[in-house]
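Shared between the two complexes below is chain A, which has chain B as its partner in the first and chain C in the second.
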Partner chain A sequence: MKINDVILKTVVQFVVFIILTIAIYLFFAGHYTPGGGFVAGLVLASAAILLYITYDTEKVKNGLPIDFKVVAAIGVALAITTGIVPTLFGKPFLDMSSTSVHFPLIGEKEIATVMLFELGVALTVVGVVMTIILSISEGRDD
Partner chain B sequence: MITLILKVALVFFALTIVISFYRVVKGPSMPDRIVALDTIGVNLLSMVAIVSIVFETKAYLEVILILGILSFIGTIAFSKFLERGVIIEHKSDR
Partner chain C sequence: MITKWAILLPFFMAILIPILHTRIRKFHLGWVALAVPFILFIALLRFLPQIASGDTISHSWRWIPSYNLTFTTYLDGLSMLFALLITGIGTLVILYSIFYLSKKEALHKFYCYLLLFMTAMLGVVFSDHLIMLYFFWELTSIASFLLIAFWHHRKASRRGAQKSMLITVTGGIIMLMGFLILAHEMDSYSIRTIISTISIENLNRPLYLAMLFVLLGAFTKSAQFPFHIWLPDAMEAPTPVSAYLHSATMVKAGIYIVARFTPIFAYNLSWFWIVSIVGLITLFWGSFNAIKQNDLKALLAFSTVSQLGLIMSLLGMGSVVYATTGEITDVIYTQATFAALFHLVNHSTFKGALFMMVGILDHEVGTRDLRRLGGLITIMPITFSIALIGGFSMAGLPLFNGFLSKEMFFEATLAIQEMNVHSWIVLFPVIAWVASVFTFVYCFILVFKTFFGSADKLPTDRKIHEAPIGMLMSPVILAVSIIFIFFFPNILGKFVIGSAMQSVYPTVQPFEQMTPTIAAWHGFNTALFMTIGVIVFGIILYLSWPKWNRIYNRLPEKWTLNYLYNQLLEEAEIVGKFVTDLYMTGSVRHYLMYIYVFFIFIVGGYFIQSHIFAIDLEDQAPVEWFEILLMFVMAGAAIFLLFAKSRLTAVVSNGVLGLGVAMLFVVFRAPDLALTQLVVESVTTVLFLLSFAYLPEWSKEQKSKATKSMNLLISLTAGALVMAISFTVLNYSEFKTISGFFENAYELAGGANIVNTILGDFRAFDTMLEVVVLLVAGLGVYTLIKFRARKGQKKYED
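Showing the complex of A and B:
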């Protein structure tokens, strides 16, 4: 029996971008307010999971050819690198520095190296969560 | 006055969640339980909004966003499991 789920597929095409926007907002909000790399990674993973639920594994792999194990490895390497680099300058491990930069249109904003560490955490969370869920769902249904 | 109204609304939302939870536990069929879980999600979201009005804070607004996303994905996953028996298909026949 053919199942018609054109409503779900049309809605998801828009909702995925809303979820990705929320993930980016959470990532940059995580300095003084709730949010941060971990939560942003989880929300990114939920967007990917929504795609995997709506379509199937093969279609998403064609449109999004990412090996999530590699993503997790890149994230851990980035986080460790941002931790080790300060030791080369005689600072303690994971020492973070920040500077104030003037952006056009936005104004004075603070840029910190914590952002790179958070990016590593987010990539690690996306990679690990997606690897676990795709491994669980891999069994063929026959 | 407005605080009293908000608190009464909180009580009624909590009552709705209790009734929906009865439907989740007792529900004769599986679709009943899924609709009840979706109702619990929406009511929980409204409760968080009212609590954030009562406390006059913006700190809980992210909770509303993320709870909405998770409730949406959960409902879709349950519905797809009921319809096809599998959540993430390897290759759909369309």
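Showing the complex of A and C:
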């Protein structure tokens, strides 16, 4: 039976971007309002999962040639590095610092090293979730 | 600062090398790696005058202050001696490896591991903190494991790597226990602090245990009898690795530990007995076994074992003054330690040269089997010269540095007689002499069987010629230094070993008086006559070797240590499989049962034990009608799940349950949790659907009544316990409240979202480790699925 999923495919094209926007919003909002690296990573992963479910794996792989294992590894490396770097300046391990920067259009915003840490968390979450789901879905080739 | 960068530089390079290797095609990757030890060697030399005058350099580096972890590095005479060996021999070995390993090998891995090892080894000799020392100690084992298994397609390499890993890491963990006891007893983790506070009054039982544990660690690493069996098997590694790790540096880490801890433990006379007797047995057993080897590298491995035993026994003899007198009154008894450190340097030079020589033979001739080698003197004159110099130095013949330290060794065994420790001590010079005769014999076998005699059995598949100049460079430098040290030993003695003596005997003032003037000739004394005896008997034994070599077959296979090791490994596997099969049934239900039963007994037990169960419904907020509705929906979904007829229904009702929890979070004003729960719920539902294909048919379970009621009991108890605990914690006040952090989150962490400040700041260390766990779990799933055995494949790799 041929599955007719035109509606799903069409809707997903738009929805994915909405989800991605939410993910980015959640990531940056996390400092003051609900959100943060972990949730942002999960939402990002769910956007990717939606793509994989709607289109077949091969197609998404061609358009999105990312090795999620590497993403996860980069995430962990980033999180650990943000911990180690302060020690090189005589600060305690995982010490976070922040500074205010004036951006054009958006105005005064705070830039903190905790952002990098959160980015590491987010990347790890995306990487691991996608690695697990993809390997389970692809694993039946014997 | 130098110490910190000395540890970090090789580490950074080890990270950089795998990245660089795809970029560098024009020249050998080894040239990049070569820069590291060379720069460090020069940098360390610049500090030599300062260290030689008795100064020390230390550098503290706060790591995790809240756990009181300060990473203190420390450069004194002893560290300097080892650091110079590590970087100096390291430079030569990497130079040699450039010509030994072709560009087709996995060079990026090789140099990455080698530099990692260098970091670890420098870390061992520079660390002042016991735990840091242990950390680097284990890192050397890991690096050694990776390097032995460098040619991992060979089974023997893998076996050798596993053996060395199992033995050295077991020793390492025992040593950690020793460290912990020591730190607990002395109330400090800093070696320097412990040395300065310890005295003969501190002798007690725990410290005795700590001493035994630390020694076990040192003995396994330094391949002392009966743990030496890993070293011959480690010879499966590429020859540069054998020359570097398994003769010049890593196996000497145990020597370092013994030297470093002498001022701590040597007040106990047992230290003297254990170290010197184990050393002497190793010396004898290694030299005795070296003679029967046919593989040149195996011969060198046993000779390394034996020489390490020699150094170890000298350190033992040098420590006796601590125990007998309490403080050092007569400098003469410290001379054994001086001889130990001197021989340590000498051994690195001649054994490094010999290993490189064997590597050249392997590379150019294609075999290291003594039964096939012969007559190479005319074909490879330079290699022969290296073998001659190295071999004769090892045999302890004059004109080579080994003679000087061998003489000092004999003198030390004689001097110890005057200490009147025990009458059995008479045996020391006897064992030393007999072992030296055997040493002499295998040195002659090494030199003469390889380069003289007939060349008939040499492999004929290639044209044998002298090695290229690059390959000869390092061994020739070592050979020249062998002779140089013989003629000018006091340069080494005064500038390097003198201040190292101060680290072993910190109380002797001024420390310069412990530095003797080494002379090749000091009249006809007993030591000289012993050497002459060694030469005479050695030549006799060498010539009559075919007559007495049958004694090696006398020892039945079942009595060897290797047999014991293999049996132990096999038994451990059988027992391990038996025990694991008992509880790893493959049924998720069983695993959940274990978890809940443990939870009930441990958590419930704790709560009952401490009488803190208290259900108090006063001051609670009133329950609203929609909350009750929500509870009913969730309870309904959960009960429905139990009676679901198909898997899809089960997944859906599980989803309802999850969404109900999310709703509950909303009601209780926890938007973060609700958000996370929602996304987690959708992702897990997808995961469930994906797993459908793997799962067996959904069937009604056929279990006996007893099992079912047992399961019911466990689940009901677990549920009731959770409920009781939830009520209890509402009124629980044993722990300090953490609400202060929430209220001041903005000032403390600069964030208004409490949840995030907890994750990213207050408990960032937890988050970091959780992220690591997540990665490991993900990779675990990936490897389980991707690399599982396909149908018809073998279940496990051999």
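Everything that follows uses one rule, which is that the second predicted complex is superposed on the first by the 138 of 142 C-alpha atoms of A that agree within 3 Å, B and C clash if a C-alpha of one lies under 4 Å from a C-alpha of the other, contacts with A are read in each partner's own complex, and residues count from 1 in each chain.
Here is the rule we go by: contacts are C-beta pairs under 8 Å (C-beta built on N, C-alpha and C of every residue); 3 or more make two chains touch, one makes a residue touch a chain.
Not measured: the values here are computed from a predicted model.
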Checklist entry - So, does A:Ile74 touch the first partner chain B, the second partner chain C, both, or neither? => result neither
Checklist entry - Where does A:Thr124 make contact in the superposed view: on chain B (first), on chain C (second), on both, or on neither? => result second
Next on the checklist: So in the superposed three-chain picture, is A:Leu8 touching just chain B, just chain C, both, or none of them (first/second/both/neither)?
Outcome noted: first
Item to check | Partner, of chain C and chain B, that touches more residues belonging to chain A | outcome: C
Checklist entry - Touch check for A:Leu20: first (chain B), second (chain C), both, or neither? => result neither
Next on the checklist: If we overlay the two complexes on their shared chain A, which of chain B and chain C does A:Phe38 touch? Say first, second, both or neither.
Outcome noted: second
Item to check | Contacts of A:Leu51 with chain B and chain C, given as first, second, both or neither | outcome: neither
Next on the checklist: With both complexes overlaid on chain A, does A:Gly30 touch chain B (first), chain C (second), both or neither?
Outcome noted: second
Item to check | Touching both chain B and chain C, residues of chain A | outcome: 26, 33-35, 39, 43, 46, 49, 53, 133, 137, 140
Next on the checklist: Per the contact definition, I'd like the list of chain C residues that touch chain A in the complex.
Outcome noted: 61-66, 671-672, 675-676, 679-680, 682-683, 686-687, 690-691, 693-694, 749-753, 755-756, 759-761, 764-765, 767-768, 771-772, 774-775, 777-779, 781-782, 785-786, 790-791
Next on the checklist: Touching residues of chain A toward chain B in the complex: what are they?
Outcome noted: 2-3, 8, 15, 19, 22, 26, 29, 33-35, 39, 43, 46, 49-50, 52-59, 133-134, 137-138, 140-141
Checklist entry - Okay, in this complex, where on chain A does chain C touch? => result 26, 30-39, 42-43, 45-46, 49, 53, 69, 72-73, 75-76, 79-80, 83, 87, 90, 92-94, 96, 98, 110, 112, 114, 117-118, 120-121, 124-125, 127-129, 131-133, 135-137, 139-140, 142
Next on the checklist: Residue numbers of chain B touching chain A in their complex, please.
Outcome noted: 59, 62, 65-66, 69-70, 72-73, 76-77, 80, 83-92, 94
